[in-house]
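Just so it is clear, A, B and C label the chains in written order, and each chain counts residues from 1 on its own.
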Amino acid sequence: MTSRNINFKHRVAVVGAGLTLFRSKLLETPQELAWLAAKQALDEAGLTLKDIDCVVIGSAPDAFDGVHMKGEYLAEGAGGIHKPAVRVFVGGATGVFVPIAAWWHVASGLCKKVLAVAEEKMSHAARPHTQYVFRYIWDPIVEKPLNPNLIWIFAMEMHRYMYKCGVKKEDIALVSVKNKRNACGHPSAQLCMPDITVDDVLKSEVLVWPVQLYDISPTSDGAAAVVLASEEEARRITDTPVWIKGIGWTLDTTHWTNRDLAYPEYVRRAAEMAYRMAGIDNPRKQIDVAEPYDPFDYKELHHMEGLGLAKKCEAPVLTREGVTQRDGDLPINPSGGLLGIGNPIAAAGLMKVAEIFWQLRGEAGARQVKKPVYTGLAQAWGDLMQAGTVIVMGV
Amino acid sequence: MKVGIVGVGWFGFQPEVVDYSFREMMFKAAQRAYQDAGGLDPRSDVDAFVSCQEDFWEGIAISDEFAPDPVGGAMKSVYTVTGDGLQCVGQAYMMIKSGLFDVVVVESHAKPSDIVTLNDVMFFATDPISVRPLSLENIHALAALEARAYMDKFNVSEEHLDAVVEKAHKAGSKNPRAVYASPGRSRPDTPVVADPLREADIAKFVDAAVVVVLASERVAKSFNDTPVWVAGAWWSTEISSLELHDWAFPLHAREAADGAYTQAKIADPAKEIGFAEVDNRYSFKELQHIEALRLAPRGMAGELLADGAFCPGGRLPVNLSGGALAEGVPFEVHGLARLSYAVAVMRGDIKAQVDRREAAVVHSWRGVPTTTSTVAVLRI
Amino acid sequence: MTGATKPLNPRGTKYERADFPVFEFPVVGKARYNYTTGEALGRFLAGLKDGRILGTYCNKCGRVFVPPRMYCSYCFREVDGWVEVRDEGVVVTAVMSYISATRARLEKPVAVGVIKLDVPGRTFDDHFFPGLMHYICGATEDDVKSMRIFGARVKAKWKPPEQRTGSITDIECFEVVRP
């Protein structure tokens, strides 16, 4: 990096957020879901579509919706018509990338108010099963002929992590229990399970050992949106803007069979970029609340370590000690995460950004973390276990 | 903060690149762009990479997985935009203007020859409920509807289209990468595909990759003594429902152009712009886009073109390269193809028949059924 | 300071069984592709047909690439040449799949893993190595669950030459080498 990361001409704030319900099947079309979330975000900011200069859209694999050029299709629901609309894409990491791209729309000085919308409808691809779509994610020449299921690679990563760090399944299951319980405080949640225990996770259907049913987030339909504004506009819109303090992202090599899966180096690099910009040198102390990406329970632990919120192999220990609970010293995924709220891929990532926005404004109500919070972080992950996107926000 | 283009590289522009995979084409285009940027090392000199691609063009879901390695971006900041390459240039332009990035690489590649069921794939871009069940056998029919609406509303004749086709093949014959240029090709002798469009009105597809390096004013000169400056870049999506868009005039191109001209402080494009590279994947689109970009009054492009105003050596040459009709359409690479040709003309690498090389406008459209255009204004 | 819980009344209409018209529009079968293998993977597949696993190497950083590419991802330069790697190596990670690609339950679970391949005269650490994903045969459920499989030696079990087509499936699986 040759960039300087100092005194940007334009500071950028989040001034509103919106979310739909997350459910395994929603009646609304992708356009309608995008509209519901966008409308709520605009309402919360006290704005209308007329006030918006530019739109950034996020959605993960096109094959779920079965729509080619999905950005063109979603532009209408996302409020992007007769406006500059762009769809950005980093696989599963897209949700957190949408506000990252929206950041430079504003920071460039070319847009003053930007609507960032993420949508996913996985139920469309229900036959033979939603997971079949994931077959097209593999390398078409050296991997797809083996007829893989996508859970394979995550199971391989999880198992490698367990092997390298000596982590037990019981410790990993604690994450699932925490998040599915946390989700009960979230009005959008698909899987609120107030009484779930470690035993329930360990007894759930074995899919690809070591991954069992309750280790994974569900497939979902849903949408999320946030409104970003320049400093001048933000001060006019609200007394409590939440500033975007740092952005960062990294893509590791495509060739995942050539590298160690025990530690997410790509997340570390992405976090370093965001921390440098935000002036953070001790994340464990300076980040008050975090929403790392948790499509699988082990990923929350993996990502905490990549983000420097725990030392290598330390995240399971912190989890066991209760540090990551909502009333703990470092609340992790107080929203309920993907494991609890659901996983409409890109929308789930942006949901995390919305959660940090609400937590920092003290608007999370039933799920507001106990300690006072000033700086928060959201992170997503995607592609062939290679993409990390990080955003640091503060009041 | 000014933003300059400091390196351009391309590979392919053949109906079928049989020997190299799309990743290898990306690598070769990137090598050439970095060479052009004074031997830039992507592993240390680049802050971010943007790749413009679509899953269904690739036949791979989440195809951005494959973006980093071939351009030198592994373990660096890489992302994709599902749009035309010129939209990626627009993103890079914003990124550099934000002050966080000094050098951003833009990449796009296309391998239409890998797609067995191209018409079906293109049709997946129509609305899944209201249009797709019609299963049109030829998606160019949607363009034909636009052509008819435009020609009726503005009295554009088939002779005007003849002139566009003739100009494209004539100009293209001087462009070494215009594989489809066929001087002397006579539009009226080709069969009707979807009235009023004949075979000669419709650009063919081509395999290609283009890589462009953009840099901030602060560092541009360390890579290239003759950067071409991006004076403005803007894009617009008119609407998602094809049924409801303006069938007779590409409003999206007009909106994108107005945004780019405002940034570039261009008040009278027809006077201030020296030459243009615009989308002409259908012959009539060249006329529409000339008008949308305010290089001719609405409905007048046909007459002016027939009079030679937009020909090489004319008042305001449009598509000195021959455009997509001569080079082919490399999916999302198309805008970068137009841009790379304009840059080469401005730098004098290509000796073209043009009087004023100091200001150019570049336009791309994503083809049917989309209503998205991107426009960039370039200066030296 | 607990006030109302955001998001307020998130919208969306949940359904289980549709009581309105739905239609199916197959996408998978209609979008068909012939992927160009290119220089690197083309030669790799030809090698498999001959019963050999080929990689490329970069002299600048010393890395060996399997699956091969024509460029070094780390030095951004063309690779320097080809090397035949051994058709055996060690398991770096492995899992037991109880479901198929379409998520149907399998009658018998299958083991899958990443194999770090041996290259004569070279050693590799855990951070970068020539490696392939493939089926692992001869491993029990307990071998995988107990993680005994990690670090185990495996060797390619090839299909008979006349059945090979130039595909990754020319190797049936990597078989555990029992000492």
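Simple rule for what comes next: a contact is a pair of C-beta atoms (placed from the backbone, for glycine too) under 8 Å apart; a residue touches a chain by one contact, two chains touch by 3 or more.
All values derive from a computational prediction rather than experimental measurement.
Chemist: Which chain pair is joined by more contacting C-beta pairs, A-C or B-C?
Modeler: A-C
Chemist: Of the chains shown, whose Cα mean is nearest the mean of all protein Cα atoms?
Modeler: Chain nearest the overall C-alpha centroid, as shown: A.
Chemist: With chain centres defined as C-alpha means, what is the inter-centre distance between subunit A and subunit B in Å?
Modeler: Whole-Å distance between the two chain centres: 33.
Chemist: Quick check: how many Å separate the C-alpha centres of subunit B and subunit C?
Modeler: Taking the mean C-alpha position of each chain, the two centres sit 37 Å apart.
Chemist: Please work out the Cα centroid separation of subunit A and subunit C, and write it as a whole number of Å.
Modeler: The mean C-alpha positions of subunit A and subunit C differ by 26 Å.
Chemist: At least two partner chains per residue is the criterion; list those residues in subunit A.
Modeler: Each of 63, 66, 140, 253, 255 in subunit A touches at least two other chains.
Chemist: Quick one: which residues in subunit C touch 2 or more of the other chains?
Modeler: In subunit C, the residues touching two or more other chains are 25, 27, 33, 35, 37, 41, 69, 73.
Chemist: By residue number and range, which residues of subunit B touch two or more other chains?
Modeler: Residues 56, 59, 68-69, 74, 121, 124, 128 of subunit B each touch two or more of the other chains.
Chemist: In the complex formed with subunit A, which residues of subunit C make contact?
Modeler: The touching residues are 1-16, 24-25, 27-28, 33, 35, 37, 41, 44-45, 65-67, 69, 73, 92-104, 109, 112-114, 126-135, 141, 144-145, 147, 150, 167-169.
Chemist: Please give the residue numbers of subunit B that touch subunit A in the complex, ascending.
Modeler: Where subunit B meets subunit A, its residues are 45, 47, 54-56, 59-62, 64-69, 73-83, 87, 90-91, 93-95, 97-103, 121-122, 124-125, 127-129, 219, 234-241, 251, 255-256, 259, 263, 366, 369-372.
Chemist: For a test of understanding, state which residues of subunit C touch subunit B in their complex under the given definition.
Modeler: Touching subunit B from subunit C are residues 23, 25, 27, 30-41, 69-71, 73-76.
Chemist: Under the touch definition given earlier, write down the residues of subunit A that touch subunit B in their complex.
Modeler: 1-5, 8-10, 29, 31, 60-63, 65-77, 80-92, 97, 101, 103-105, 107-110, 133-134, 136-137, 140, 247-255, 265-266, 269, 273, 277, 382-384, 386-387
Chemist: For the complex, which residues does subunit A have touching subunit C?
Modeler: Touching subunit C from subunit A are residues 17-23, 25-28, 33, 36, 40, 44, 63, 66, 127-129, 131-132, 135, 139-143, 145-149, 151-153, 155-157, 159-160, 162-163, 185-188, 206-211, 221-222, 253, 255, 257-262, 354, 358, 362-368.
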